[in-house]
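In what follows, chain A forms one complex with chain B and a second complex with chain C.
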Partner chain A sequence: MGLPEYLFLLQGLKWTVLLSCIGFVGGGIAGLMVALARTSGLPVLERATSGYIGLFQGTPLLMQLFVVYYGLSLVGLQFEAWQAVAIGFTLNASAFLGDIWRGSIEAVPRGQTEAARALSLGYVSRMRDVVLPQALRISLPATIGFLVQLIKGTSLASIVGFTELARADNIVSNQIFKPLLVFGVVGAMYFALCWPLSLFGSWLERRLAAPTR
Partner chain B sequence: MGYTLDFQPVIAGLPDLLKGCAGTLLLAFSGMILSLAIGIGGVAVRGSSVRTARWAVIAFVELIRNTPFLVQIYFVFFALPLVGIRLPPTPTAIIALGLNGGAYAIEIIRGGVQSIHRGQIEAGLALGLPRRDIFRFVVLRPALRAVYPSLTGQFIMLTLTTSIASAIAAYELTSVAKLIENESFRSFEVYGTITLLYLLMSWGIMQAFGLVGRRYFDYPVK
Partner chain C sequence: MSQASSSEALITMSGVDKWYGDFHALKGVDLEVRRGEKIVLCGPSGSGKSTLIRCINHLETIQKGRIVVDGIALDDSARVVDAVRREVGMVFQSFNLFPHMTVLENCTLAPMRVRKVSPADAKATARKYLEKVRIGEQANKYPAQLSGGQQQRVAIARALCMEPKAMLFDEPTSALDPEMVKEVLDTMIGLAREGMTMVCVTHEMGFARQVADRVVFMADGEILEAAEPETFFKNPQNPRARTFLGEILAHH
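Let's turn to the complex of A and B:
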């Protein structure tokens, strides 16, 4: 395995990082909407978002990518493969992050909301200034845990036919026919991406588990 | 765009798809049993006094949890023949699923074991219970009970992960769907339908775990 092969794999790594970023940012924005709708107290919104979350948590990510990929072209929207895959990851992330953040919002003590109400803060201010900052703190370990899952999940884009890291290794492996070496190197690349995040996540978790005051 | 949905190939392929569901469930349940065994064994080793064994378990868990399943299953698929084990794709997939699920199970069960109060174990020792009984009845069972919900969630994830086994052409729902898609080109209809089938299966497994949990762990706490 020479330099050109490594460069090709690194090219794939670039796409892996890019897809993860798009999924995380897009999914983060949409996930916040989902979490807010899920805790809004309006039965229609709560039931709709609960169904949305259940749908994404109860089906394989691979199927979600396939359905989005073929579904988009079916309704007449022409997207390139990477765009369709990015939309799939964004939707998936919005459901999972929405559920994580719903839990965190509910974990903020009720007294905080009640105090904010007593101070006659409106919904926006109550959420932005009181509840969400505390929820963010609670949600950090799980959010990072999901980010690791998302990075690993981008490998599935290769099955849908998009050249990111896992796909690149398939191509390289077919060319030089040393599959173990290639998959080992690629595994190490994913590991180098995910492990620091995981360590950071568990460090945060330990720190947050310590009493706040 | 004038695209009309045509479910004819899906309906014609329904018997095959249902057989695919059975394949998926077989993969999932074998994978669950293997991961539970690895999980319990791993926790026992991780709590042992042999340092290298402890580190080996930690390394295994970190390695599996920080790499994608797709890479793992390819790795197992190519590595097994090199060590002289030739297996068809489906057993290979079960091994990969078991290794993957096992790493997560170790972490989950370890959390449960840590929640067991030291006094419980000391009480067991004071009663003269053999170490093995202490592990089984004083530590493991209450620990499993404590982490049962997370374990259920993990096993549902494992069930959904089986779809990736289609990458090495193991016999399961996604592989069957790919065959039908290749013949009919009705991609959206086929994948849409099996998405619903997956939803049904994960829902069913959740219900089943709830039932089993209520039976097996339904003993008074105090």
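Let's turn to the complex of A and C:
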């Protein structure tokens, strides 16, 4: 395996990282809104987001990518492969993160919100200053876990013809006929992405837990 | 030691009814709390004491009747509710301090966010009240590093930092180990001496004797008796109050 192959794989790695970032940032922002809507106490919003979460958790990511890429083009919405994948990942991640964070928000003891209310704090301050910092800590293991899943899930983007790491792997394997070697290198690349993230997660968890001990 | 200097009402509840679904939790409650008055609210478990005081700052909504606090008639609008909550502090049985903030941050949050006080002023006020509840040295600790009694005193300081006109206490000492009850009660007695208007749900009858202007007895969502502590403890009129006092005194 020579330099061109490595460069090609690194190119794939770059797209995997980029896709993961888009999925996490987009999904994080949208997911926060889903979580807030889901816990808003407004029946209309709660039912709508509950349906949204159910829909995206209940169908395969692969199918969601297909629908965004091929399905929407049938109704005249044509996306480039990377756009379709970015949209698909954002929608999917927002549903999962929204549900994880909903659970964490609900896990913050009721007395916290009540004390904040009694102090006359408004909704924004109640959430930003009191509830979300505590919910974040509760959600950390699940959030990091999902992020790792998301990175590995980007391999599905190859299905709509997008050359990220998994597809680059495939292409190189077929060119140089050394599938095991290429698999090994690509596996190490995925590992190099996901492992530090898990470490970062545990570190952050310990750091955030410190003051309450 | 009644210091109720003026007879003007600070909190008025009239004809208040509250249901939880089908359950009638408050039945036609009338209660007037004058400025500077200290009221101790007692009664058997489930009689609606918590519900009553939580209606005053709209942690619970009522279905019938009228509540006026410092001239503001409560309704469900956020503006009115916030205005009332600014003037009424509350202390809970379970402290409810914010665990991810230091003692000082717990005390400065609401004044900064709600009253738009500058951080420096908020800190100065917080230190003043933390000193007052004798916990000034702990300002930079986190709640979990304090004992229950210390946490409850921080909770009192946190409420006082909003400079409220009245304070509500919902069994502030019943989650505490016996040896810590006194330090919290002493803090509350100090507050009472300074003329704070207080409504306290508590079974600490010694406290009631010492500071209450009136003891209000509730059972099954109704106020059955309201009298000065001497009268109430010596000669309760209502049979249920008599039974209740008998049980309380047997326990203490």
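In this section, the second predicted complex is superposed on the first by the 202 of 213 C-alpha atoms of A that agree within 3 Å, B and C clash if a C-alpha of one lies under 4 Å from a C-alpha of the other, contacts with A are read in each partner's own complex, and residues count from 1 in each chain.
The definition used in the following text is that contacts are C-beta pairs under 8 Å (C-beta built on N, C-alpha and C of every residue); 3 or more make two chains touch, one makes a residue touch a chain.
On a predicted model such as this, the values are computed, not experimentally measured, just so you know.
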Which partner reaches more residues of chain A (counting touched residues only), chain B or chain C: B
Chain B versus chain C as contact partner of A:Phe183, first or second or both or neither: first
Which of chain B and chain C A:Gly111 touches, first, second, both or neither: second
Partner chain(s) touched by A:Ile159 [first = chain B, second = chain C, both, neither]: first
Which of chain B and chain C A:Gln83 touches, first, second, both or neither: neither
Touched partner set for A:Ser50, first chain B, second chain C, both or neither: neither
Contacts of A:Gly122 with chain B and chain C, given as first, second, both or neither: second
Chain B contact footprint on chain A (complex, rising order): 55, 58-64, 66-67, 70-71, 74-76, 148, 152-156, 158-159, 166, 169-170, 179-180, 183-184, 186-187, 190-191, 194-195, 198
Residues on chain A engaged by chain C in the complex (per definition of touch): 109, 111-112, 114-122, 125, 129-130, 133-134, 137, 208, 211-213
Touching residues (chain side chain B, partner chain A) in the complex: 1, 3, 62-63, 65-72, 74-75, 78-79, 82, 156, 160-164, 166-167, 174, 187-188, 191-192, 194-195, 198-199, 202-203
Residues of chain C defined as touching chain A within the complex: 57, 59, 78, 82, 85-86, 88-90, 92, 94, 96-100, 102, 109-110, 113-114, 142-144, 155, 158-159, 162
